[in-house]
């Protein structure tokens, strides 16, 4: 469409990582401008400043970057909102310059987490190779591709073969199959995605004081409205290790009455609540609704209360 | 005021009981028509049928009638509403015909609960007297007053001396001082009394099924909104001993946002909720409001949620 | 067996009540000495003083006496222990002197609760009869049996026909079928009945202070060990209406590890716990054991902890 | 002492990181053999295989490595035990070859997290320098020290200046002061450290199934015994993103009766519990003991229960 500029997506770079693969799995990415950034914070700041329309960053079980840093970057600074989650199968490939054979590999570079996940495979298939750690699997691949590379091979995301024009000597070399990394697409605050019935809501909750039972009280705000959690992590708030906030994902959408009431409960009971967005679950798992917690149940109960107050 | 008919109050009779004393403690009773009834159910039915404008019945720690029967009568049948609670000090008097002396007493009549509460006094002061049980302390006094009474004395409420024109031989003869009976004034459903900040709300909650933890879940509906309870009693629902409902008093008023939300939570989660009224606490104890549960807190949180949904 | 004196059972009299019927349903009662007492307290005191070996008193949904008074009498004074519960179907009969016909009845006596439960039947079948209230259904029957009785008929327990040699004009006249009264057999503290797998444990728990959430905390002691409750009632402790204790029945036996740990939890957390006995459930309902709460589970976990502490 | 070999400590390398600084803060480290490893997993495996007596790895708010990987490595494989926690102030220094001046810096290398924490300082003081990311701050420093280094400077831990014989151009350059990284010293399972009264217990709990309320039930095991948590993180169990375990730190020691009972409760209720050790809190904060949860309270309650069972 003439006149409409393409969308611009920031992501945790460099090129050739699982994060880029996550971003490229979005239909909108095919015609968009993709901006690799050197850190999660830089990618998110690009959205905050308007330099990008969205950013894709890893949030759980990450290989490339750190979960913790993403949680912390979303918990502070100008508010941002998650609009989508993306799962990427963690399948590692062994990459090398074209013409190189597995038997030739002496020094193999990769990221520490990838090394941890492929350790047994590497010990079995490349017992004599030295494994060298780099800051990302993609950086490892990029160095391998250099003319004067100190490395012969890289353990990296499959996408890195294309990015750096390397040959794929082996695929699926992780010791344990089925690992998945979760990424999120983040934008500036806006009206949340419409409800699909299979949604998730992300939050950061700052408790008022760290008294015994504070966590239990917080969770009762969800339980009393029949809202379940899929993830919770206590996070130090940054001004020391003694003060905590909680990063969590709840099942459902901010437009669900039960979720709305739970959020209001947290808002009242806690020092602060940061809403990080409601978005469709990538696994499509339809929310199990506890008896008595549909929107209709809330409406009926409200009508009943109104009649009690004014018969 | 000409043209305005006096109010009509039913009460658990007969005349001369603590229940009548409770009713007469109400300013409105002085010009009203007072109707003694033979049972709690009959007094309440008088209100239901329009034969009375209100009824006073005992509800807790009763001497005259039974707590259980009042709870059960309020839990079923046409809905009624508590508009006021009344406390009466349980002070017993020893009554006899004029001219009779304590030493003359051979047969003393009273209600079983009064006997229980004055047992030590009677054993000490009237060791030779036989204690005979009657259906109410007032009935005992009434029989004593008869010409051909089989009894010489009665242990009864102080008011019974006036009612039955008897002499008071001793006062305050309960073994333990400080006992109080709680009565309620009941009317047909109407707009609740205005909030005073020191209110109580009475409910009957029918749980959906008797699964383990059902009671805990019900109480979490209150706890999640910072509402406290002052009384809870499980009651069989009548169709057997295995099915239960819960009769309870919660601290606060139906017009309080926190109470309203807790009630809606119960309405949604439970098989049924019967609202029995919000009314001023007779002890005047001002509600302790947990941080984050004022009406203002609810309004603020609602505004916040609205902005999340539509920025 | 020569030389063994018969057991002596106290009960809430007079003769001819549902309480006597409950007592007579016990096999041991056939050869025992049965002692009617004028009040629940007197019956229990007979056990405390050694004048009786056991006492049968009503505890729930009582027709004859009061639940509240039984709970309160068990909560204070010398400790007693429930060893058995007994259910009696509440079936009322219309009794009169032999030869009297229903049409002759002008004044019918009964207890207030019986009147409440047969009101519709009486209004339909004896529309012209006056209903007079007495302190028990048995007392009503006893007065009817007198030569010069002021009453023509009594609504009473079926057993009263035998006791007072009256004719039964109608049976099962309660308006709602299926009502049951629960009685308990009480003795001095002793080793509890052996476990049957279908047991109940009765307790009185005095909370430390009446802070918001105190009830919830108490119930969590049960929930954390998978123990369910079948009954709970808050009771004023006697020195005013503001202080509460809780009378409750929990599912299981004091010898169950899960119950033992829950009881110890209450003992530590609460101001006081009065154990009122573990005994077979009269309904024979086998305890549903939550996963992880069998005695074997406790033993296994204890072994595990011991190994953690001393590998 | 002749004949006693020095202790061998593995740690997350390379040399010159905050992890080495953490390890060197231990008195025992001064005479020990220190073994840098390329990943958290490799350092822990050195302990498992007997190649090292202990390992120091980062566990919270890490700069050098990843929290997540440490949690996951401790949650699976041969059991290990935390015996000590260590806090290290996160103070970054700007390092360069001797003789280099700040104005000369064109390319500065560091780890992504360090870049995130010093971003503002770098933008202000080195606006023209390019920041290049490496796999660790120490690796960045090591490269800077090379003859033919592509970088002029490194942002690294102060210790790296000594390790790599670099000059310190600036200290304390993090944008926000007060950040702390938490490390743990891990060994093979053994008798836990003695209680100090200011202890922490680390656990991994695998819930039986992911039903709504499972987390709440788990936390009630702690709450019912008055045990508080300082950290909780849900972690995918590795075979997909849908199944969770919880990594947590609880306040107190496995030898505390309340902690022991809570652990046994988890053991019974959950699919699995992995005990990761009880050890002194590095902040020395004495455990706040809730009323009724001292060891004496447990002993007293146990005596009481024993008497109930066998009077």
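Order of writing sets the chain letters: A, B, C and D. Residues in each chain are counted from 1.
Simple rule for what comes next: a contact is a pair of C-beta atoms (placed from the backbone, for glycine too) under 8 Å apart; a residue touches a chain by one contact, two chains touch by 3 or more.
None of the values given here were measured: they were computed from a predicted structure.
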Which neighbours does subunit C have in common with subunit D? none
Shared interface numbering between subunit D and subunit A [over half = same, under half = different]: same
Could you state the distance in Å from the CA-based centre of subunit A to that of subunit D? 23
What is the distance, in whole Å, between the centres of subunit A and subunit C, each centre taken as the mean of its C-alpha atoms? 60
Of all residues in subunit C, the ones touching two or more other chains: 220, 223
Following the definition at the start, I'd like every touching pair of chains, please. A-B, A-D, B-C, C-D
The residues of subunit D that touch subunit A in their complex are 38-42, 60-62, 65-69, 73, 87, 111-113, 115-116, 119, 131, 133-136, 139, 176, 178-180, 182, 212-213, 215-216, 219-220, 223, 226, 228-234, 236, 238-242, 244, 283, 288, 290
Contact footprint of subunit D on subunit C as seen in their complex: 189-192, 208, 220-221, 223-225, 254-255, 260-261, 263-265, 267-270, 275, 291-293, 297-298, 300-302, 304-305, 308-311
